[in-house]
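These are the structures in question, set out in turn.
Presented sequentially are two complexes of subunit A, the first with subunit B as partner and the second with subunit C.
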Partner chain A sequence: MECVVWLPAKMLHACRKARTLPAAVLVILFPPLLIPTSKHFINNRLIIIQQWLIRLILKQTMATHNTKGQTWSLMLTSLIIFIASTNLLGLLPYSFTPTAQLSMNLAMAIPLWASTVAMGLRFKAKTTLTHLLPQGTPTPLIPMLIIIETISLFIQPLALAVRLTANITAGHLLMHLIGSSALAMLAINLPLTLITLAILTLLTILETAIALIQAYVFTLLVSLYLHDNS
Partner chain B sequence: MTLGTRRSDISHFQCQMLQSIIKNIWIPMKPYYTQVYQEIWIGMGLMGFIVYKIRAADKRSKALKASAPAPGHH
Partner chain C sequence: MASVGECPAPVPVKDKKLLEVKLGELPSWILMRDFSPSGIFGAFQRGYYRYYNKYINVKKGSISGITMVLACYVLFSYSFSYKHLKTPAGRSWAISEGNSQEGVV
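On to the complex of A and B.
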């Protein structure tokens, strides 16, 4: 079943072809609305708390980078805030989580990983290529190890995407199954239902932590790849 | 006709939207889009190429299945 949103005819007067927009586009564009921007020096409490959080994230992620790496501050901060907010919103009942889709995570991981590799090859090609051979490798093992390191390099974007997808999808699936079983057992066995609901509560707390941790891990790994190549 | 429905009104709104986009997005982000994110554009091109290849292969396999349905399906 395709979920679409009908746009007002006036907005699409110039474009006569498509009159629908996938609802997923609106869901992906929704989290930035929760983070208001302000041109004032002194803001309201919500914006002050959010700006404090963003400054904390910025300091933690960008402290170890050189000047070239720090030009990516905007990208990495936006990345972690987007993934964290999307994951947390996905914990609400009946919501859609874009980061549970492999296509979405591959679309984030491949450009970021490829750009770090391209940056490394462009600005320090020799150092990037020497990363394919760990120091102190015995001579007979060199060809095999280069192949292994190349494979591990190409697996990085897949690992980034699949890690996030699997964690979020598995968590949601588990919550869905345990919630359904609790509902089914409500009329049959009340004590077991209460135990299941307690497990569900603990699982929800765990999923909240996983939502934040996975956002941090994704951004940290991209930051690590950037650090190796900048 | 009421205001906002004529062709000239709609193109006026589109111009205003374009001006707003240029002033609020393009001008502050220009150094990023033109210098800092050059490699990211390359990465996005690679991703677009992969998406194109996957969709083309999917279309080809669906066309193949539709043109030659396997006999004896239960």
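On to the complex of A and C.
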């Protein structure tokens, strides 16, 4: 998004160079407004539904970890909530999806993966290094296999980021194209337009599912790397 | 005896709510508002809690509490991308809204 927001001069007294804020910053800060917090025991419907969902997610993702891995619960839960809410908001018309940008996903994937590897090397160095060689490999193959496993280890953050970017971007692109073609065909051929609109409806349902699934997959893989290394 | 409707002491312009400010006092009222960062943040916080307590934090809140917010979000995003939508730059895959009658793909 090329649009910017002008800040009042008083607020920028300290930083003289930048007088503008990309509007994408506001868009990234929007999803937390939809998730209120509460210290009460009995809440309104919105908070009850969200807390129920968060408890479900927490149980599902953190059950397989040991005590050390469970210190990551807050990180992983907030990760899945952020990705899911951002992806779902991106399905609204004219909205901007931060998770469709590769830069954003790399910024999420690389630190998380690197910290799981660092944790593994710091606390269980031997086990982490032995993960590089699967059990039962024939002896002549060992050097090549270690190189291959190291490459696959370094591919992990790249794959995490590119997977999310590509899925979200491809879905949005398909919806744009099919929607534009339906609009263009409206004056020419009505039955075909209705078929295209039916395809668009199915695609929207698919995209909703993908938005949620991709969030889940991202978080699951990070927790898997954590499980290996904690 | 003083009439019952009159207040005992005049309220300063700064503390009046917007709907109580007279039209002639409006410029001075605007200038007296707190435009510091904490003032602006306080205004956003008050607005947020006003909406939250009216539509969401009620016993039987409905889905309209959230859908109004999402509708405003859509309008906000539309207004931000208006310039980009009205002048399509490059026709490889973007189609502007006004050209559907030409049948261009």
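One rule holds for everything that comes next: the second predicted complex is superposed on the first by the 225 of 230 C-alpha atoms of A that agree within 3 Å, B and C clash if a C-alpha of one lies under 4 Å from a C-alpha of the other, contacts with A are read in each partner's own complex, and residues count from 1 in each chain.
The rule is simple: a contact is a pair of C-beta atoms (placed from the backbone, for glycine too) under 8 Å apart; a residue touches a chain by one contact, two chains touch by 3 or more.
This one's a predicted model, so the numbers in the text were calculated from it and none came from an experiment.
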item	value
Joint occupancy of subunit A by subunit B and subunit C, clash or fit	fit
A:L92 touches, of subunit B and subunit C: first, second, both or neither?	second
Partner chain(s) touched by A:L186 [first = subunit B, second = subunit C, both, neither]	second
Chain touching more of subunit A, residue-wise (subunit B, subunit C)	C
Partner chain(s) touched by A:I213 [first = subunit B, second = subunit C, both, neither]	neither
Contacts of A:A125 with subunit B and subunit C, given as first, second, both or neither	neither
Vertex subunit A; arms to subunit B and subunit C (CA centroids, nearest 10 degrees)	70
Partner chain in contact with A:I155 - subunit B first, subunit C second, else both or neither	neither
Contacts of A:M144 with subunit B and subunit C, given as first, second, both or neither	neither
First, second, both or neither for A:V25, with subunit B first and subunit C second	neither
Smallest separation in angstrom, by C-alpha atoms, between subunit B and subunit C in the superposition	5
Subunit B and subunit C contact sites that coincide on subunit A, given as residue numbers	10
Residues of subunit C touching subunit A in the complex	35-37, 40, 48, 52, 56-61, 65-66, 69-70, 73-74, 77-78, 80-81, 83-84, 93-95, 97, 99-101, 103-105
Residues of subunit B touching subunit A in the complex	4-5, 7, 10-11, 14, 32, 36-37, 39-40, 42-44, 46-47, 50
Subunit A residues within the subunit B interface of the complex	10, 13-14, 71-72, 74-75, 106-107, 110-116, 118-119, 122
Of subunit A, residues touching subunit C in the complex	1-3, 8, 10-11, 23, 27, 30, 33-34, 36, 44-46, 89, 92-96, 173, 176-177, 180-181, 183-188
